[in-house]
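One chain, chain A, appears in both complexes that follow, with chain B as partner in the first and chain C in the second.
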Partner chain A sequence: MGRTLLKRVGELAAVLLIVSFGTFMLVSLLPNDPAVVILGEGREPAEYEAVREELGLNDPLPVRYLDWLGSAVTGDLGETVVPPVTDVLDRVAAALPVSVELAVLGMGMALLFSIPLAMWSAYRAGGRVDRVISAGAFGVLSVPSFLAGLLIIMVFANQLGWFPRAQWVRLSESIGDNLYHAFLPALVIALAETALFTRILRNDLITTLQEDFILAAKAKGMSARHIMFSDALRPSSFSMITLLGISLGRLIGSTVIVEYLFALPGMGSLVIGAANTGDFTMVQGAVLVIAVIYVLTNLLIDLSYGVLDPRIRRAHV
Partner chain B sequence: MSEMTQVSTPPAYGQAVDAAVAPAPMQDPRRSRSLWAGVVLTALGIVTVAIGVAGLRGANGWLQLAVVVAGLALTHVGAGRLLRHRFGAGFDLTSWLSAIWLVLLVLAALLAPVLPLGEHEDIASTLSAPVFARPDLLSEYPLGTNNFGLDLLARVLYGARASLVVALGAVAMGLVIGAALGIVSGFFRKTTDAVIGIFTNSLLAVPPLILLIALATVLEPSLRNLAFALSLLALPSIVRMARASTLTFVQREFVLAARAMGASRLRIMTRELLPNVMLPLLSYAMVMISVLIVAEASLSFLGLGIQPPDPSWGNMIAEGEGNAFEEHPHIVLVPGVVLFLTVFSLNLLGEKARKRFDPRQAKL
Partner chain C sequence: MSSSSAALQERSGAARETPVLVVDDLRTQIHTPHGDVQAVDGISFTLGRGETLGVVGESGSGKSVLGRTIMGLYTTGPTMTVTGRVLIAGKDVHALSASELRELWGGDVGMVFQDPMTALNPVKKVGVHLTESLRKRRGMNRPQAKARAAELLALVGIPEPRRRLDQYPHELSGGMRQRVVIAMALANEPALLIADEPTTALDVTVQRQILDLLARLQDELGMAIMLISHNLGVVAGRADRVAVMYAGRVVETADAAALFDAPHHPYTEALLEAIPRLHQPPHVRLAAIDGAPPNMVAPPVGCRFAPRCRYAQPDCTEAPPSLDPAMANGVVTPGHSFACYHPVNAGGQ
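Here is the complex of A and B:
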C-alpha cells in the first residue's frame, strides 16, 4: 500500500506540473498581445512595452513559467486583466463554495434517486418496470444537460413558478432559503448522473442476486427489502463507486452549464464570463484550481477502493 | 430497446425470456391476433399523425404536438409488432429507425446547398419573411422561423453540417493520433509507456468542458480549431483503449509468428496490431462522436463555439434563452429534438456495436 501510494503521488506531481504548464501556456496561445488586451488599442508603443515588462513577458519562457508557478504555489494567482481589477484567488474563493455545494447536492440527489430505481429494476429484471426504467435511463442519457436545464427552467420556474431562477442565497445566510434556491440546479445536475448510476447499479445487482448467499437469504425467508438493502447493495456498489470518479469530470462540466443557465455565482459563471471577455489570468487561475481539485479527488477515490474492498488492498501488496 | 436490456442481463435469464417469447406451433391464433393488433395500431397511429399535422392546423400548438407524438408512439408500437411478426422476435425497430435517422441526417446535411430550403443565415434577405412562424409541416416553413425570419429547417440542416464536420474531424484526428500513441505505448512499454501515460493522464486531469472553455478563450472559433480542441477531448480514452488492446494482442501467436519470420517492429505494429486494435476503437468511435456533438453543442450554447449567424444546434438552442422560449417554444424544441434524436441514435447504435465488437465490454 505504501509503495503504491508513493508511486501515485509521483505520477500526480508529474501530471500537475504538465497541467500547470499547459494552463500557463494558454497565454502564449493568445492570438493577440496581452498588453493590447489590458490597455486597449491606440496607446504609445512604450506603454505596451512597459506592461509587457511588468508582466514579465520579455523574459525567456522557462523563467516566466517558474515565476508564475512559484507565485501560484504560494497562493498568488495574479490579478484579473479585465476591469474591475481584483485578485484572482479572491474571486475563486468566493465562487468555489457555490460550485462545490451544487455538485455535492446533485450527486447526493442522484444517489437518492438511483439506488431505489436500480433495486426496483433489478428485482424483476426483464419485467415491465425494468424495461421502462432502463429505456428511460437510456433516453435521459441522450439529453444534453443544457437542454434538460432549459426545459426544467421553463416548466418549473417559468410556467409553474414553483422555484426561483437566477437568484442565489448563500449557505451562511439561510440554510432553508439556500436549499430552496439550489434545488432546481441540483436537479438538472442529478438527471444524467441518476440515469448512469441506475444502469450500472442495476447490472451489478442482477449479477449479485444470482449468488448463492442471496439464495440462502431467500431460503431463510428474509424479506425482499432486507435482501436488497442488507445483502445485495454493498457487493454491487463497486462499479458505481468507480463511476463516481469517472463522472466527476462530467459533473464539473454540468455544474458549469447549470451555473450559466441559472446565473449562479459559481466557478462556471466565473470561467465562462472570463472566457467571454478574454480575461486570461482569470481563466488560467480558475482552470488550475479546478484541475488540482479534480486530480486530488480522483486520487482519494482511487485510494478509497482499498478501504471498501479488502481484495484490492491485498492485490496491491 | 427490449433487445438491449436482454443483452445486458446474464445468460440464464436471457434463455428464459427467449423460451417464453419463441413462438410455439400451438400459438397460431395468438400470433394472428397480434398481427391484427399491429395493423390496427399502425393505422390508428398514422391517422392520428395526419390529424395532428393537417386536421389541427391553427389549433393550440401544444395540443397539436401532443397528438402528433401520440400518433408516432402508436405507429411505433404497431409497426414494431408487424415487423416482429414478419422478421421474428429479434427485430429491433428502434435500432433500425436510429440508423435511418442518421443516414437521412447525413444525406440532408451533405445535400443542404442543393435542397430547396429557406434562408439559413442571411438576415437581409428575410426581411419580409414571417418572424417566429410556428412549425407547420404543410406550410412554406415546415419547422417554423426564428426571430429574424430565418427558416429553422434550413438552419437545423446547416447546423448538422457544422456539428458533423467538427465531431467527425475530431474523432478522425483522435483515432489516428490516439491509435498510434496507444500502440507504440503498449508495444514498447517501459519509458515510452510511462511518458505517454503521463501525457494522457494530464489531458484527463482537466475536466472536459473546462478544457474546451480554456481552449476557446485563446483560439479563434473556427470549425478547424473546434475540431482540434474536441480531438484533445477524445484523445486520452482512445490512447488508453488502444494501449489495452495492444497489450493483449502482443502476446498472441500471430505476433510471435511475425517476429519469428523476422518482421520489423514497424511492420508488426502496422500490419499485425493495427487492424486488431482498430476494430474495437471504431465501434467506440460512434459513442465518441455523440459525446463530441454534445460537447460542441454545449460550447456553442455558452457562446464560445460556433458564432451566430452561422447556425449550430447549440447556438440555435441558445436563441431561445430568456423569454423567446416561453412565447415561442419551437425555437428551442426544434433544434433540441434534432440534437436529442441524433445523440440517442448514435448512443444506441454505438452501444450495440461495442457489445458486438469489443470483447472486453462483454463482461460488463
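Here is the complex of A and C:
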C-alpha cells in the first residue's frame, strides 16, 4: 500500500506541475495588459513600463513561472492586481468553503436519492418502476441545469417560500441557517448528478444481480433488502464512485451557474469575476487551488477502491 | 451413497415416510428475446431421506434450471413460467409466500454451486458469508454465530477455521472455497442439498475430496442429495439413483447399478462411453457424442435425440417417446424407465 501511495503522489505532483504551467501560460495570454488594469487608461508608456518591471512581467516566461511556482509551493499566491489589493490566498480561503460545501452537500444528496432509486430500478429491471425511473432520469438530464435551477427557485423560494432565494450564511455563523441557505443550491446541483448516478448504478447492479453469489445469498434465505445493501451494492459501486470523484472535483471549481442563480460567493464567482477584470494573479491562484483539490479528490477515490474491494487491496501490497 | 443391502433396506424404509422431495410434472419455460425455451419439460421423481439422486446430461440439457426451479429460485414471473409441483419436506415450494420461501431456503434446503469463484461474494469475508444467515435466520448473536461458523468450517474439513473466518474468498484455494460454499449450504442443516456441478470447476484430486466430503456429510446429517453433473463418472458410486436428462426431459432413470450395467437409452450409452477413464493418457480426447444438443426454442418434433442417435429409425421423428418402465422377461424392472422406441441392452423386451 505504502509504495503505491508514494507512486500515486509522484504522479499527482507531475499532473499538478503540468496543470500549473498550463494555467500560468493561459493567463499570460489574457488580452488585458496587467499594467493597464492597475493604472487605468491614458498614462505615460513609461509608467506602464515601470509597473510591468515591478510585477516582473519583463522577465522571460520560464523565470516568471518558476518564481510564481516557488512562492505558490510555500503557500504564497501573491496579491490581487485589481484593487482592493488583498492576498489571493485570503480571497480563495473565503470562497472555497462555499464551493466545497455546495459540492459535498450536492453529492451527498445525489447519493441519498440515487442509491435507493437505482436499487428499486434494478430489483425488477424492465418493470414499470424501472421504466418510470429511467424516463425520469433521462428527463432530468435533458433539462439544462440553469432552467432546472430557475424552476426550483420559482417553486420552492418564490411560490412556496420554504427556502431563501439568495444569500449565504457561513457555516461558522450558524449551522442551521447555513444548511437552510445551502439546501436549494445543493438540490440544483444534486439533480443532474442523481440522474447520472442512478443510471450508472442501476446498470452495474443489474450485472451484479446475475452473479452466482447473489443466488447463493438468496438460497441462504437472506432478504431482498439484505441482498441489495449487503451483497449487491458494494461490488456495483465502482463506476459510480469514479463518477462521484470526477463530479466532486469538477463541482468545486465550477458551480458557476448555481452560484450565479443564488448569488453565492464561491470559487466560480471568484474566478469569473477575476477573469473579467483581468486580475491575473487571482485567476492563477484560484485555478491552481482548484487543480490541487481535483487531484486530491481523485487520489482519495483511487484509495477508496481498495477499501471497496479487498482483491485490489492485496494486489497493491 | 452405498449400494449395500443394508442401505437398500434403509432406503425402502425411508421411502415409506414422507419423501424429502417430490417433483411432479415440473415444467420451466424461459421467455427469451429469441422465443420461449422449454428448459425443463415435464419432469417427475421423488427423493427420500438420506438418498442421492444423480442428475446427468450434457451442458444445456436443463439441469441447472431444474435445480433452481426445485429450489423455488426460478419461479413464474416476467421472464419465466413454471408449472407442475415441487414438494420439499411436504411444502409446496411454488405456492409459498416470499417470506415462507426465505424460511425454506434458510432451513429445509441448501444449494451448492458450480463455480466456487463466483458463488462467494468477493468483497465479503468468509466468516460473514456464514454468520449472516445464522444471525438473520437463526437469531444468533455475533459470538454464537462466529463459534457456529468455525464449527461448520471444521465440519467441512477446513483447517484452522478461526483464522479462515477473517480471510477473503480470493485468499483460499478453489477446493477450500467450495468447502466454504458447502458449509454455507449446511448452515441450517437442510433435509435436501442440491449440488449443481459441485466439482466441475475443480481439478481431479480435489473433485474426489469434495465428493467424499459430501458423502460423509450425508452419512452424518442424513440429508437427501440431488447431485447434478454433466459427467456420469462423477455420480458413479455416489448416487443411489440416476436420472439422465436430454433437452429438458428425463430420458432414462434407474438405480445406479442397473443404469451403469445395462443402459437402455442410446444417449445414456453414449454418455457412458464418454466417461473419462483413469488409465487413459491425459489430454486424449474422449469419445464425445457427435453433434450438439438441439436448439431449445424449436426442439425436434419426435425424439429429441434423433438427429444424433445412431439407432434412429423413421418412426423416431414422428412422436416423442414416453418415459415407460423397463421390462425384463415380461416383468417390469422396478425403478427403471426410459424413453426410446429402439432401446439398447433390452434383449428381454
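Observations on the model:
Operating definition for what follows: the second predicted complex is superposed on the first by the 296 of 317 C-alpha atoms of A that agree within 3 Å, B and C clash if a C-alpha of one lies under 4 Å from a C-alpha of the other, contacts with A are read in each partner's own complex, and residues count from 1 in each chain.
Simple rule for what comes next: contacts are C-beta pairs under 8 Å (C-beta built on N, C-alpha and C of every residue); 3 or more make two chains touch, one makes a residue touch a chain.
Keep in mind the model is a prediction, meaning the values are calculated, not measured.
Look at A:18: by the touch rule set out above, it reaches chain B but stays clear of chain C.
In the superposed pair of complexes, A:126 makes contact with chain B and with chain C alike.
With both structures placed on the common chain, the touch criterion links A:108 to neither chain B nor chain C.
Once the two complexes are laid over each other on the shared chain, residue contacts for A:215 go to chain C alone; chain B is not touched.
More residues of chain A are touched by B (comparison of chain B with chain C). Touching of chain A by both chain B and chain C, each in its own complex, is seen for residues 126. Remark: chain B residues 1-2, 4-6, 8-10, 12-13, 17, 197-199, 201-202, 204-211, 213-214, 216-220, 290, 294, 297-298, 301-304, 314, 317, 320-321, 325-326, 329, 332, 336, 339-340, 343-344, 347-348, 364 touch chain A in the complex. Per the touch definition, chain A reaches chain B in the complex via residues 11, 14-16, 18-19, 22-23, 26-27, 29-31, 125-126, 130-131, 134-135, 138-139, 141-147, 150-151, 154, 158-159, 203, 206-207, 210, 248-250, 252-253, 256-257, 260, 271-272, 274-276, 278, 280, 283, 287, 290-291, 294-295.
Those residues of chain A that touch chain C in the shared complex are 124, 126-127, 211-213, 215-223, 226, 230-231, 234-235, 308-311, 314. Chain contact summary for the complex, chain C toward chain A: residues 68, 71, 73, 78, 102-107, 109-111, 113-115, 118-124, 132-133, 136-137, 168, 170-171, 181, 184-185, 187-188.
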